[in-house]
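Just below sit the structures, each encoded as structure tokens.
Across the two complexes that follow, chain A remains constant while its partner is chain B and subsequently chain C.
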Partner chain A sequence: MTNLDLILLILMVVAAVWAVMARSLLKAAIGLAIVSIVITIFMFEFSSPLAAVFELSVCSGLITVIFLSTIGLTRPLSHKELLALARDRGRRYGFLPLLVIACGAVLAFLLLKMPLDLEVAKNTIVAGAREVLWNARHLDLFGQIMILLAGVFGAVLLFRENSTDEW
Partner chain B sequence: MNGSIAEFFWVFAVFISMLAFAGFYCILVTRNLIRALIGLEILNKAVTLLFIVVGYITGRQALVQALVITTIVIEVVIIVVAGGVIMSVYRNDESLDVRNLRNLKG
Partner chain C sequence: MPSLLILVPLVGILVLNFLFKFVVRRAAFWFALALFATQVIITFLHAPFFYAGNADRFNPFFKVVFNIDGISFVALLCIEIVCLASLVVARYTLHDLSQRFNFTNLLLISSIGMNGLVLTSDIFSLYVFLEVAAVSSFIMIAFRRGKRSLEGAFKYIILSAVATVLMLAAIAILLLACSDTSFAAIRQGIGQSPESNIILFSVGMFISGLFIKAGLVPFHAWLPDAYSAAPDAVSVLLAGIVTKACGVYTLIRLVVSVFGFRPGLSQVILLLGAVSVLVGALAALGQNDFKRMLAYSSISQIGYIVLGLGSGTALGLAGAVFHFFNHAIFKSLLFVNAAAVAEEAHTTDMDKIGGLSSRMPVTGSTSVIGFLSAAGIPPLAGFWSKLVIIIALWKAGDIAYAVIAVLASILTLSYLLSMQRRVFFGRLKQGLEDTREVGPGFSFISVLLALIIIACGLLFPMVFNAIYAPIKQILIQ
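Up next, the complex of A and B:
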């Protein structure tokens, strides 16, 4: 646990709170990408490079693009509507930083007072990530394929043109 | 489990809980559909980071990487389908407010 880790963790939580509280949805999507990048750095640090590459390319790349296109295809609120909502937003989101800090402080206090005794057994079998990913999985690969197909069919169903309505 | 590993894990656990709390709060409080999706993403990221930290502590990085990659695939599918649903809702109602989605109520 270095100081850099601590700074990165604080940056991650601040970016998450910013993503929740930002008035503009574009800024919220950027905050989400920052959280994702910090997690990628942790993955590289904790010797999980394969997952890190996936996280960097998919979570902070593809998902941000999906969010931006969704935001672009829907109409943002006008300035007047935003002003009308500002007081309401302040009332609803204003407590979030305080609550997050309080949550962290309470947890840290509890853990200092009564640390849980975790038994962790070091794994003796050291397998390569590729081996586990491709050889150690059997039925759950079918589950993953099913989920991908569900996504594809869901997208096709949702974006079908009106002319092919009846079937 | 020696002291330094326990300390290492609990520091991460506290920050991961804060991240998850922000996600829960976002989902509970927001009235915008896209922002609810952002809260879901934040929750997902907290789970991913927890996986990675636990894998590093127990030395099972290979298994954890396979799990994380599966999680990321599911995450993308959820985001794509939910984004499509949100855009369909917007086309129908011209609004992203969840309070306008009560047509089926009662």
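Up next, the complex of A and C:
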């Protein structure tokens, strides 16, 4: 792992946390786009240009455009509402950073005490990961078509005009 | 031709959308009903042409060999019976024709997902089909776009996403360590490096993901909200089979066929099973909402299945698979009854309903069968499966867990008895004078499920032998 990879990984984590914690939806969408861009760089680095191009065009491009257009159509929260939201969030999730640090400390302690045995029997992927995941079976492709089909029905049902339930 | 189980529903979806949609939407219900009923009959009869995985003409197309053994047979039967029950409930509870039509399509997609994950013998395909079932479930829960249903669906999505991340990361590590994602290759890889921490870590991650999908304590936060907020027909499907197929069946399949029983893994499974049995039962005691109580009861009953698996013996596993079947049937029955109550009384708050048995005799009587089976009262099916699990735990030396299972059964009896008394017995509450049975289809499915419970209880030696013998064979292999 190079220093650049390390910087990119840190950037990705920071952008992901920002996407979740940002007060403004606009900033959250931008945070998500940055995560996608970093993933794109990693994919290029790991010699997967096709996947990288898809990630860049769809996840960081198209989806961000859809998010931004939708946010443009919604009413932004007032400064007062944003502050109330931030306070509420702080009260609810304030313990999370402490929890992450505590878990990290426990893991580090365990690793120091008991180093991980990362050795496995030499099973090199003869065909390559791409071959195993994409070409070895067509059943997965069938499953993915089903997920898309479910998504289509979801869009039809959840984005129709009239709601039939009480709010 | 096991592949028909995933291909025929797809053809059904295409026919429904390109033919019936323009002809008459009402026919969609009958079409799907005929499809599921045929599947139930073919599966039950164990038709040889249907089960010969090697002779499947679609094997070259899918590039896999489908495999049906004793465990998958029980799972397939449960999937089809529960889908049938859910479809019938939808006919009476989803009044909008368009909603019902879309529900039918999603139900077919969900059945493809569940059938696919039961048939496959590849961990990546299994993950893909898990997602098919999960995505269709999210949409079905949020179906009516009410605040509660959206909240329930959102919680399910978030926790499912955590499970997905854990499972995908585990698959990536297993692929690198074992060179392939087929069950056989992973089993071989684990056999070659049984003490490798990285493999143990990935197995742990995958199983943690399955614990979330199964709704075991402490990974259960999504389950009560999702079950109680979903439309009635979806609650039947979720409680009856989706959680069990996605979480419990997958856990059983992977532990038995891939990861193997390890002492550490068995202890974790036993501990989580026991905690789920107790916490689920105690939480159910304090509920006022009919559906929410049944949701907590599901957590408790899934705990029993997991306890049977954790015993690590053929007897325990057979008990777990038998309880898997029993739970699918009696919990579907109880949720069908809850749907009938909700449809007629327009509430599931048990403080606002009472004495419904006099107005809804079929619902009230079948509910007694369902709750007695859930509580493990002889000679109903639930009694036998719980007994087998407790005996297996005792014989395996896990006496403390056996005692917990017995004690939790008493708790189960108390909260279900309380539910029955509050909802169905006593004097009819004011404002419920006009309630009556929902419809003949509703009553038919309730009676059918109740008859299955009684028949499995009375014919226990035959039924159990049909489950036990193949499982013994699988474990020997």
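Operating definition for what follows: the second predicted complex is superposed on the first by the 105 of 167 C-alpha atoms of A that agree within 3 Å, B and C clash if a C-alpha of one lies under 4 Å from a C-alpha of the other, contacts with A are read in each partner's own complex, and residues count from 1 in each chain.
Basically, a residue touches a chain if its C-beta (ideal position, glycine included) is under 8 Å from a C-beta of that chain, and two chains touch if they have at least 3 such contacts.
This one's a predicted model, so the numbers in the text were calculated from it and none came from an experiment.
Participant: Of the two partners chain B and chain C, which one touches more residues belonging to chain A?
Facilitator: More residues of chain A are touched by B.
Participant: With the two structures laid over each other on chain A, which partner does A:7 touch: chain B (first), chain C (second), both, or neither?
Facilitator: neither
Participant: Touching A:129, do we find chain B (first), chain C (second), both, or neither?
Facilitator: Both: A:129 reaches chain B and chain C.
Participant: When the two structures are overlaid on chain A, which partner does A:65 contact: first (chain B), second (chain C), both, or neither?
Facilitator: The answer is neither, since A:65 touches no partner chain.
Participant: So, A:26: does it touch chain B (first), chain C (second), both, or neither?
Facilitator: neither
Participant: After lining up the shared chain so the two structures overlap, which partner does A:139 touch, if you call chain B first and chain C second: first, second, both or neither?
Facilitator: The second partner, chain C, only.
Participant: So, A:154: does it touch chain B (first), chain C (second), both, or neither?
Facilitator: In the superposed model, A:154 contacts both chain B and chain C.
Participant: Just checking: does A:83 make contact with chain B only, chain C only, both, or neither of them? Give me first, second, both or neither.
Facilitator: A:83: touches no partner chain.
Participant: Please write out, lowest number first, the residues of chain A touched by both chain B and chain C across the two complexes.
Facilitator: 117-121, 123, 126, 129, 132-133, 136-137, 140, 144, 147, 150-151, 154, 158.
Participant: Can you tell me which positions in chain A touch chain B when the two form their complex?
Facilitator: Against chain B, chain A makes touches at 1, 5-6, 9-10, 12-13, 16-17, 19-20, 25, 28-29, 32, 35-36, 39, 42-43, 46-48, 50-51, 54-55, 58-59, 62-63, 66-67, 69-71, 73-75, 92-93, 96, 99-101, 103-104, 107-108, 111, 115, 117-123, 126-129, 131-133, 136-137, 140, 144, 147-148, 150-151, 154-155, 158-159.
Participant: Enumerate the contact residues on chain C facing chain A in the complex.
Facilitator: Going through chain C, the ones touching chain A are 6, 10, 13, 61-64, 96, 99, 102, 105-106, 109, 112-113, 116, 120, 122, 124-125, 128-129, 131-132, 135-136, 138-139, 142-147, 149, 175-181, 189, 192-193, 195-199, 201.
Participant: Quick check on the complex: what are the chain A residues that touch chain C?
Facilitator: 116-121, 123-126, 129, 132-133, 136-140, 142-144, 146-147, 149-151, 153-154, 156-158, 163-167
Participant: Can you check the complex and tell me which residues of chain B touch chain A?
Facilitator: Its residues touching chain A are 1, 4-15, 17-19, 21-23, 25-26, 29-30, 32, 34-35, 37-39, 41-42, 45, 48-49, 52-53, 55-66, 68-70, 72-81, 83-88, 90, 94, 96.
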